[in-house]
Each structure stands twice: as structure tokens, then as C-alpha cells.
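Shared chain: chain A. Partners: chain B in the first complex, chain C in the second.
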Partner chain A sequence: MKKAFVAALLIITAIPLLIGVAALPPHGETTAPVHTHISARYLMRGAEEAGADNIVTGVLLNYRGLDTAGEVTVIFTALVAGLAVLITRRKEPGAKADSAARGDVPAPPPVSPVVSFVVQLLAPFIALFAVYVILNGHVTPGGGFQGGAILGALFIALTIVLGEGRTRSLMPRLALPWMQGAALISFVVVGVLGAGLTGYFLGFPAEASLHLVRELMMLVLEAGIGLGGAAIFATLFLQMEAE
Partner chain B sequence: MLAWPHWLVVVVLVPLLGAVLTPVVSLRSRHVAPWWALGVMSVTSTAALFLILRVAAEGPFSYLPGGWVPPYGIELRFDEFSASISVICLIGWLAVLYSLRYVEWLREVPKQRIPYYYSLLLLNLGGMIGFVITGDLFNMFVFLEILSLSAYALVAFSGEHIAEMAAFKYLLMGAISSLLVLFSVGILFGVTGSLNMADVATRLASAEPVAPAALALGMLTVGLMVKAALFPVHIWLPDAHAIAPSPISAVLSGLVVKIGIIGMIRVYQIYNSANMIDLHMLNQTLVWLGAISIVMGAFFAIFQDDIKLMLAYSTISNIGYIVMGLGLSTNSSIIGGSAHVFNHALIKATLFFAAGGLIYRTGYRTLTDLRGIGRSMPLTCIAISIGAISIVGIPPTAGFFCKWYIALGAFEADQPFFGFALIFGALFIFIYYIRMVNAFYFQAPTRPEILEVEEAPASILFPTLLLAVLCLTVGPIPLTFIKPAAELLLAPLGG
Partner chain C sequence: MSVTFDILLLLFLITTALAVARAKDLLAAAIIFSSYSLVMCLLWQHRGAPDVAMTEAAVGAGITTVLFLVAIARTTRREK
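Presenting the complex of A and B:
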């Protein structure tokens, strides 16, 4: 009975959805509004006026920079939400760091020596690749979000292989909250700088003479997003592992 | 100072940045966190004050982050509806002050979590401020996510055993509603190629075919009404609002559910001015659902013994009033409905603050246990009584004016039935608030020890009493303030 009711409800919901979506302009049609209105300008002039050969980065950081500032805040919210619910009395990250200093960290679970060796061997290259993805984001696909995810994944892999005691030192207690908030902090710093240069918050100077400044501002944003993302991944992983 | 353009971006970024820096400033001692949050909200409130003075003086204005002309960049737009940041800042500031003692007192909560609580609260307030001041559909969604995510976590924060379940229920419903909103934004982008609200409205007027736009309207309505907790998608609300820590209940019940309403007002702004879909069906549905919400919320509230659960059901009734006002879509009803967004926020925050004060001192939360509390905590109980008469709508309290205008709208729209539904609902509401006042003042205590408790501490009593005084005094101000905007809401493009 209940299943029949759910099935009927799903079908009734699906009908208007399908009708509505079917009437959308077909994919790839060049005269569709998605191609002729704002995206047309992004494609025509984006590389030059937004300062990034990769148009996606131009839209993310320049045309719609405030959205991205909001999105990094969503990621930060996820971190804080996790911590506010997960932290228990005994296992607080700070307290753990202290116990790590005393050397009474539980031994890492056994990992295959092959996996352990390969992860350690590849670690510098993965880190280098992450930095490349972050720095090159405004020319080729990539950027802070992707690079940050790679860095975060590297941290997690190293923690599994080497144990928490050794990777914990990558996230010193006093610097950790700065790292977690790096993304929004860099947006605010760059935004205020932009307001000084152009009169608009998050504005990027368009003059040729300030070309390097614009480049630098974008790099700061990408680096902030990458660092923040990686720190948030790592913290949530450690917190869940501690449970 | 008024003309300084950057206030509009300051007002949203200060709370968000403040939230990000909360863990940093509390590294040394977690006791810094509440004072930091209080400072952040003070700066935000100052910015909000300048913005509201400016909109009162010269009407709606915009700010262009990045300097791109809309629709190419994002537009922050401050209109009369955005002035609801006044209550967001006021109740937010008071909620932080209130939390100072209240959160420390929550036994189930490990103390290390407390800085994250303030961080979440600031994120929630910043998200709401961003939501009401943006003029861009996708930007609206981003802020909706910030405020929703932080709200789920704040519900789970109280540490009581059903809190996680209540938060999870809220999370599931909320996630679906966010998806509906995001999908609609995508469809609107597909039909118009734009995300700027004003631009979408203009381009929607000539959009062909109509079906996708109608689908987007339907999904936006459902999605936003889940956030607002209108019948029949209200089921997440009672547990979530009752189990959250009391200052959070005040924020959730007073402010967060109103985000759904303000989102709906934005949807109306777009579709009314595009004027390509007949909104009559939608309006009629909303009026009916509003009427059912009023009666149902009031009906369930009568049977509650837990005061916070009772207040939570009362929120469903009041959302019903607001939605009914919007749905009737006459001048008076829209003025009444949108002014009730302000006034109900004040009233419900008063009630939750006062209820929290009683729980803080006595540890009891049911009417039976709290009998006779009026003798030992007179000031808190006076605040609750003022809140009660305001929410019933007895003149000259804040609740009266809004309900009067909505009822007037029902008769204007030639649908007197809904006017009677409204009055009938108010009668129900009267019954259960009388029950509450009766228990506090006139019944013999079941727990003799509550006669010994002291009045709530100053950091809890001051927010409660301040809001109670506002309930008595500011009622008519939102009505006159919102009038020009409400009239514009009904006007089709170029009409």
C-alpha cells in the first residue's frame, strides 16, 4: 500500500517535471538564450576583460566573484557544522596534538608495505601537481577547488600510511584555523584591494599597466581557495577518524 | 556616511568573515567567542542602519561587486523588503547576547564546541542578510545554502537526545527544497540566459514556450515553502524549533522561516512583472494552504504541554497568515503579510527568549511543571504575556495591525471566507495562549521548588524585555515602510 502510494506520488511529480524540461531549448542549439545573452559576452571578451584565458575561471573569480566567495563560505560552514556536532569531550583536536607531543599516539593500523612505499614515493609529485593545478587555474582547466581537493586527498593518504602523529605536524594548532578560513580571508583581502584600485569590491584593475597586479590578485584567490579546501578536507577527515 | 556605497557589501561580508575568524580569535580562550560575535554583529547592525536610512530617503539602490554592469556581474540590490535585515540584525545581536549564559548552561554540550556555535550563528545571520539583499538568482541560492546548512547544525547542537534526529529530518527536507530552488534557477537561466532578477523578469516576458517557466515557478514555490514550513511541508518544523537551544529557536522561528517568504516575494517580483503566467491558480492554492496552516497550527498547539513545541506550532499558524496575505494579492493583504514578516519575528523571538529564560532557571519545559512561575519570575512572565497578546492580535500590539490588514485584504479580494478563517484561527490561538498565561499566573504549582527560583540573569532578561517593549510599540512602522514596495509588487511590467 505504502509502496503503491510512493510510486503514484513519484509518477505524479515526474509528469510536470518532464513536460517542463522537454520544452526547454534543445541542447547545442546556437540560438538558445543560454548562448546568446550573457555567455556570449563572456566568450567574446572574457579572456581579455576578465584576465583569465580559462573562461570558467574568469567567470568564477571575476564576473561572479561574490558567488565564489559565498561558495567557499558554504564549504567552511560544512566544516564548522561538522565540528560543532562531532567534537566529543575527550577527543578534541587540540588535546590530541598535545598527546601527540607526548608520543602516546596509537600505532597506525597496518598498511601494505607496497601501498605505503608508493604513497610516500608519489607524495612530492602529487603535491607538485596540486600546486600546478592551483597556479595554472586561470589558463587551463583547474584552479583552487581542484588543487585543494588534490592536496587534501594527499594529506589523507599520508595520514593513513604514516599515521596521524607524523602528518599532524603539517597542521599546527595555532595556524590551523587560519588555514581553514584561508579562502574567504583571501577573498576579503583581494576584494578590499580591488575596492581601493577600482572603486568596487572584488573589482580587478583592467589597465594594461596593472596587468601584473590583476594576475597576482587571482593567484592569491586561487591559493586561498586551495589551501582552505585542503585544510577543511584534512580537518574533517581527522575529526571523523577520531570518532 | 549614508552615501558610502560599500555598506551593502560590508553588511553581508562582516558577519561571514567574522564567522570564519571566530575559531581564530578563540584559540586562546573560548570565552572570547561570544564577545567577538557581539562585536561583529554591532558592526553589521551599524551598516544595516545606514542602509535602511538610505532606502527610506532615496528608495531602492544597487551595488555592483567587481564593477560589472548587470546582467554580466552580480547585483546586490537593497529595496524595502531588504529592510528586513533590521530584524535580522536586532534579533541576531540579542541572540548572541542571550547565548552568553545560555549555551554555557547546556549540560550535554562539550565546551570545546562553543566557539563553533557562535561561528555557525554568525554564518546563519550573514547568510540571511545576503539572501535578502541580493538581486541575483544564483547568488540567492548560495546564501540560501549558507543559512540552511548552518541552521541544520544549530538544531543538532543542543545535544539533547532527539536533537540529531530533528536536525536530520530538517536536513532531508531542506536539502530537497534547496535542490528544487537550484533546479528552477537552472531552468530560468535556460529560458532567459540570465541570472539577474530584473533582467530575468524582462526577458521572461517574451520567453517561449511557457512550460519551463511555469515549472520553475512551481518548484520555486514548493522549495521556498518547505523553508517557510507551510502546510503540508511543515513536518520538519515542530521538533527542530522546539529542540534547538532557545536563542536558536528564536532565530529559526523568527527569522529563518521568513527567508522562504522573502524568497517568495522575490519570485512574485519576477513573475508579476514578467506577466507571462496567470498567477491566479497559484495564489488561490497559497491562500488555501495558508488558511489550513493557520487552523492546523493553532489546533495542534492547543494540545501541546511543552511550551517550546507550542510556540513552534504557533509559527506554522503565523506563516499561514503571511502566505495567505501574499496569496490574496490585494494591496492591503500584501502590506499586512509582508509587515507580519517583521512583526512576527519580534513577537516570536520575545516568546522563545522568555520561554528559554524559564527553562534556564527551572529546568522544566512543560506547562504542567511550570505552573505558578509567574510569582517567581514576574518580568519574564510579563514578557511572555505581552508576546501572547501580540500574537493573538489584540490592539495596539504588533500582531494586530498585520492581521487587520490581511483580513481587510480578504474582504477587498471579495473572499470574506478567508477573513473569517483568519479570525477563527486567532480565536484558537487565543485559547492556547490563555492556557499558558493561566498556568503561569493562576494555577497552583505542581513543582513547589519553582517558587524559589530567581529572575533570569541580565544577559537573558534584557533581550527578552527589550523585544517585549518593541512588540508593544513598533507595530505600525513596518506597515507604512513596506507600503510603496508592496504596491509595486502587484504592478506588471510597464503597467
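Presenting the complex of A and C:
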């Protein structure tokens, strides 16, 4: 009975969705609404207007800078919420002693020497690639988010292989909050700078003579997003791993 | 050829999605979900969205899986 009800509900939901998909213009049609409105302008003038050869970065940081600032805020809030949950649980009196007394916590298996060797061998190259992705985001695919995720993943891989003690020094206690908030801070700094230059928060100067300033603002944003993202991923991982 | 490749990837996506939903072993589910992300990454790349593909590979296949694994290690491996 319940299964039949669920199946009927699924079919009722699926039919309008499928009708809607069937009514979409064919993939790649040039007269589709998505190609005739604002994205046409992005593609035609984006490279010169937004100051980024990679149109995606131009849209993310210049045309839709405020949206990206909002996204960064969401990620930071997610970290704060995650930490709020994880830290309270960790500080629970007796929780640690309790699980140790039960003695049923299995010891972590030793890391395979092959994995350990390969991760350590590749680490500098991955780090270089991450920095390249962050700093070249306005030219090639990638940018702060992508590079930051690669950096965070590298940190996690190294923590698994080397142990927490040796990677923790990469996240100094005093600088850590600033690193976690780096994306927000860079958006505020660049936004205020843009306000001074153009009169709009997060405005980028459009004059050709100021293209170096524009590029520098983008680099600061990308670096901030990258560092902030990496620090947030690393903190979440360390906090979840910590007993 | 190109469309055939897309269709193959999409079929694989649907299969992995169903497998994740049906898996009772959460560790297996996390690993299958990681392969789902990897195929999704190929699909993004193939449809001309390299920026999204990079994010999918790093976040979806990499970090999310690790966080899932840590969460499973902290809790339990079996779905109740």
C-alpha cells in the first residue's frame, strides 16, 4: 500500500518534469533564451569589460561579485556551524574517558608505505598546481574555489599520511582565524577599494589604464578565496578527526 | 561518438546513484558516491565546463569523501 502510494507520487511528480524537459529548446540552439539575453553580452564584451580572459572568473568576480561574496559568507557560516556542533561534543565531560574506557575504539590501521611515499612525492607538485590554479584563475579554468579545494585536499592527504602533529604547524594558532576568514576579508578589502575607485562596493575600474589595478583586485580576491577555502576544509577535517 | 559517450556516462551516473541509495554499508555508499562524483566530473568536462569539473573532482570526489569516511569512522558503518 505504502509502496504503491510512493510510486504514484513519483510518477505524478515525474510527468510534469518530463514535459518541461521536452519543451526545452534543443541543446546548443543559438536562438534559445539563454543565449540571447545577458550571456551574449558576457561572451562578447566580458574579456575587456571584466578584465578576465576566463569568462567564468569574470562573471564570478566582476559581474556577479556580490553573489560570490554571499557564497563565501555561506561557506564561512557553514564552518562556524560545523565547529559549533563539533566543539560542543568534544568538550562534553567524560565523553573522552568513556570511549577510552569502553576500549572498543579500533586503532587506526597503519598507512601503506606506498601511499605514504606517493603522497609525499607528489605533495610539492600538487601544492604548485593549486597555487597555479588560484593565481591563473582569470586566464585558465579554475580560480580560488578550485585551487583552495586542491590545497585543502593536499593538507588532508598529508595529515592522513604524516599524522596530525606535523601538519598542524602549517596552521598557526594565531593566524588560523584570519586564514579561515581570508575570503571574507579579501572581499571587504577589495570591495571598499572598489568603492573608492568607482563609487560602487566591489566595483572594478573599467578604464583601460587601470587594468593592472583591476587584475590586482582579482588576484587578491582569488588568493583570499583560495586560502580561506583551504583553511576551512582543513579545519573541518581536523575538527572531525579530533577525539 | 560524443553523444554516445555522454549517454554512457549518464547511464553510469544513474546506476551509481541507485547503488548509493540502496547500499546498506555506508562505507561502500561513500566510495560509490565518490565514483559518482568522478563520472560527474568527466561529464562536466565533456560538456565544456572545466571550471565546474575541477571543483567536482576536488570537492566532490576528494574532500567530501574524506569527510564522509571520517564521519563513518566516528559513528557506525551499518545503516540501521
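To be clear about the criterion, the second predicted complex is superposed on the first by the 220 of 243 C-alpha atoms of A that agree within 3 Å, B and C clash if a C-alpha of one lies under 4 Å from a C-alpha of the other, contacts with A are read in each partner's own complex, and residues count from 1 in each chain.
The rule we apply is simple: a residue touches a chain if its C-beta (ideal position, glycine included) is under 8 Å from a C-beta of that chain, and two chains touch if they have at least 3 such contacts.
Given the structure is predicted, the values throughout are model-derived calculations rather than measurements.
Enquirer: After superposition on the shared chain, which partner residues are touched by A:G226: those of chain B (first), chain C (second), both, or neither?
Expert: Neither partner.
Enquirer: Quick one: name whichever of chain B and chain C touches more residues of chain A.
Expert: The partner with more contacted residues on chain A is B.
Enquirer: Once chain A of both complexes is superposed, is A:A153 in touch with chain B (first), chain C (second), both, or neither?
Expert: second
Enquirer: Just chain B (first), just chain C (second), both, or neither: which does A:F76 touch?
Expert: First partner only, chain B.
Enquirer: Could you say whether A:G165 touches chain B, chain C, both of them, or neither, answering first, second, both or neither?
Expert: In the superposition, A:G165 contacts neither chain B nor chain C.
Enquirer: State whether A:G144 touches chain B only (first), chain C only (second), both chains, or neither.
Expert: Once the two structures are laid over each other on A, A:G144 reaches no partner at all.
Enquirer: Once the structures are superposed on A, label A:P16 by its partner contacts, choosing first (chain B), second (chain C), both or neither.
Expert: first
Enquirer: Please give the residue numbers of chain A that touch chain B in the complex, ascending.
Expert: Touching chain B: residues 16-17, 19-25, 32-39, 41-42, 62-67, 69-71, 73-74, 76-78, 80-85, 87-89, 92, 94, 173-174, 177-178, 180-181, 184-185, 188, 191, 194-195, 198-204 of chain A.
Enquirer: For chain A, which residues are in contact with chain C within the complex?
Expert: 54, 56-57, 133, 141-143, 145-146, 149-150, 152-153, 156, 160, 233, 236-237, 240-241
Enquirer: Taking the complex as given, what residues does chain C use to touch chain A?
Expert: Interface residues on chain C, with respect to chain A: 50-51, 53-55, 58-59, 62-63, 66-67, 70-71, 74.
Enquirer: Considering the complex alone, what residue numbers of chain B touch chain A?
Expert: 6, 9, 13, 16-17, 19-21, 23-24, 27, 63-68, 71-74, 76, 110, 112-113, 116-117, 119-120, 123, 126-127, 130, 136, 138-139, 142-143, 145-146, 149-150, 152-154, 156-157, 164, 187, 189-195, 203, 207, 209, 211-212, 214-216, 218
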